[in-house]
Amino acid sequence: MAVSDETEQQEETLFEAPVMAEQERMVEAVLFASTEPITVRELESRMPHGCDAAEALVRLRKRYEGRGVRVVKIDDAWAMRTAPDLGYLMQKETVETRKLSRAAIETLAIIAYHQPATRAEIEEIRGVSVSRGTIDQLLEMEWIRFGRRKMTPGRPVTFVVTPSFLDHFGLENARDLPGLKELRSAGLLENRPPPGAFSVAEEEDEEEATTGQSELFED
Amino acid sequence: MAVSDETEQQEETLFEAPVMAEQERMVEAVLFASTEPITVRELESRMPHGCDAAEALVRLRKRYEGRGVRVVKIDDAWAMRTAPDLGYLMQKETVETRKLSRAAIETLAIIAYHQPATRAEIEEIRGVSVSRGTIDQLLEMEWIRFGRRKMTPGRPVTFVVTPSFLDHFGLENARDLPGLKELRSAGLLENRPPPGAFSVAEEEDEEEATTGQSELFED
Amino acid sequence: MAEDEFTEEKLSVSDRLAAEALIVDVDGFEGPLDALLMLSRTQKVDLRKISVLDLARQYLAFVDRAKQLRLELAADYLVMAAWLAFLKSRLLLPPDPADEGPSGEELAAHLAFQLERLQAMRDAAARLMARDRLGRDFFARGQTEVVARVRSVKYTATLLDLMQGYARIRTRDEFRPFVMDRNNVFTMEQALDRMRGLIGYAADWTEISSYLPEGWEMDPVRRRSATAATFAASLELVKEGHLEIRQSEVFAPIELRKRT
C-alpha cells in the first residue's frame, strides 16, 4: 500500500467503516436477534455507513462452518440455523409423573392382597367390571404379571404382583402388606362392619395369605 | 495401560459420550435455538448420555468471547445474548418495556438488594406504604416472586427477584448486583430497628436478614 | 430555649427558601422521608455528616409554610413534624437521667441512617436501571426453533394409596344394605321356628349346640350367629314355659330339655 494511501486513510478514520472483524460481529448479532432472515441491503442499512455486509457474511459463514450453528441463505436473505445433524437435540423429553387412577390402584390392591387373583375375583371384590386397559396398564408397568391358571372350570388366568411392585412399595414380600386389622388401627377403615361381612373377608384373607401367597413365593 | 484395558476401552467406545468438540456443538445448537435460559440439567437431558454440558459450556463461552453474541450465565441456567455494545443495531428488535414508576423501580431495587424482603421492610425503607399495584406490576413482569414466609409473628410473605430479572439486567446472580458489597459493608442493607423499639419481631427479623442475605454470599 | 430561638433566626432565610422550594412540588414527594431527603441536600454535606437538628428545623419550617399557604399536607407529614419537634427538643435539652427512652442522639442517628439508606437504595435503583438491559441493549435469539416435546408419562402410587384403595373397597362392602349379609345371619325367628319343631323330642338334657341348624356348625361366622339366635330362642321358650335350661358352672355347656 502506498504511503499517500495510508495518510489518506488516516485522515478519513473518523468516517471510516469499522474493521471487518467488527462488521462480522455486527452481522452475527443482527442475524442472531432478528426474527426473520435479513437481506444484505437491510443489514447495510442498519450498520454504520460504508460497511460491506456481503463480505462480512462470507467471513461469518466460514467461521461457523462445522459448528453447531450455520449461516444459511434463504432466497436472497440470510439467517442462522442450527446444524441439521443436531436436529435431534431440538426435542425435549418430559417425564410426567401421574398418580395411578383409582380403578388401577384398587385393582392392584386386590391382586396384592388376594393373589393369585382372577379377573372374575377382582370384579367380585370391586363390585364393578375391570377394564382391559386397567389390567394392561398394570402389566405394562410391570407391577403385575400372569400367574398360574386356576384349576377351576374355564382355567382362568390369574394375576400376581411382581418383584418390581414389591420394590416400588418397599415391601420384602406381599405378605408384608398390612392386614385389615392394621388398616383399621391406622384409621384407614373407619366404619365397623356388620360382624358377618367383616370376618368373612378377614378369614378369606388369612386363608389366601397362607395358601395363595405362599404358592407364589415357592416358585 | 495394559492391553486388556485398551481392548476393553475400545469395546466400550460405542457407548462412550461424544468428544468434547461435538458436545460443544450440541450445547451451541441448543442454546442458540432458545430464547429462554437453559439449565445444565436440561442440556444434559437432551444430549446423549454421558455428556458433560458444564464443561462444554465453559469452552463455548470462551469461544464466543469478544464476538457479536455471548454465552451468559443466569442463575443456574445459560443463554446466548447479543453483545451489549451492538444494541444500537437492533432498534428494530427493541422491546418497549413498560415504563416503571419511581415507586416500582425503588421497590424493585429494595427487593433485589434486601431479598428476601417483606412489604413492611420495603415500606420501612421507603418511608411510605407500598401500593398493591406496584407489587402486582413487578409480579406480573415476573421480575419478583414470592419467597419463603418469614419466621416472624404473622409469618409475612417475602419477595425475591427472579431469574428473568437477572436475565433482563444481565446479571449472573443476585450477588452481582452493582454496589452490593459496598452497601453491605456500609451497613446499609441491615435491618436496623429504630432505637427503643427492640421488639421480639425485630430481633428475629435481624436474624432472618443475616441468614437470608449472607446466604447470597456463602458457597 | 433562647439558644433555639437564636439559631432558628440564623437559619430562617435558607430554611424559608428551602421550604418554598419544597412547597412547589409537594405533590411530587413520596412521603415525609423523601421530603427530608430532599431538604438534607440543601445542607450540601455528606449524608453521614448531616445535622439532624438543622434538618428538623428545615422540615418544621416547611410544614409551617405549607400551613400558611393553606396547603393540605397528608397526615404522615404532620406526624413526622410532631416527631421532629420532639426530636428537636430532645437534642436541645440536657438529657433527663430518669428517662429510660432512647436519647436524642440515638434517634437522630437512626433518622440519619434511614435517610442514608433511602438514598443508597435510590442510587442502587438508578444504577440498576442504567445497566445494559435485555431487549434494549442486548437481545435474545429472535427466531427460536420449535422444541418438540416428547412427553412420557410415568405412573406412580404410594403404599398408602394402595392401602387406602384396598380399605376403600372393604369399607364399601360394609356399607352394603344389611339384608345383603343375611345369608350368614340366623335370626331369632328362624331359631324359634326350628326349636318349636324340635322341642317335642327333647326329653333328656341335651347340649344347646346340638340344636344348631345344619350347615351352620362349621363356618365360625354362621356358627356364631346361629348360636346366638338359638340361645335367644331357647330363653324365649323357657319364658313361655315350654323348655328348661341349665348350666352347671360358668362356661360349662348349656343344656336344654322339654318341660314336663
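First chain written, first letter: the chains are A, B and C, and each begins at residue 1.
Keep in mind that, in the parts below, contacts are C-beta pairs under 8 Å (C-beta built on N, C-alpha and C of every residue); 3 or more make two chains touch, one makes a residue touch a chain.
In this text, all values refer to a predicted model and were calculated from it rather than measured experimentally.
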Closest chain to global C-alpha mean, per-chain Cα centroids: B
Label of the chain whose CA centroid is most distant from the centroid of subunit B: C
Centroid spacing, where centroids are CA-atom means, of subunit A and subunit C in whole angstrom: 35
Intercentroid distance (Cα basis), subunit C paired with subunit B, Å: 30
Residue list for subunit C, restricted to those that touch at least two other chains: 139-142, 145, 147
Shared-contact residues (touching 2 or more other chains) in subunit B: 32-33, 80, 82-83, 90, 93
Residue ranges of subunit B in contact with subunit A within the complex: 24-30, 32-33, 42, 45-47, 66-69, 80, 82-83, 86, 89-93
Contact footprint of subunit C on subunit A as seen in their complex: 29, 32-36, 79, 81-82, 90-100, 102, 104-106, 108-110, 112-113, 125-127, 137, 141, 168-171, 177-178, 180, 183, 186, 188-201, 203
Contacting residues of subunit C [partner subunit B, same complex]: 30-34, 76, 101-103, 106-107, 109-110, 113-114, 116-118, 120-125, 127-129, 131-142, 144-145, 147
Subunit A partner contacts - residues on subunit C that touch it in the complex: 139-143, 145-159, 161-176, 178, 181, 184-185, 220-221, 224-225
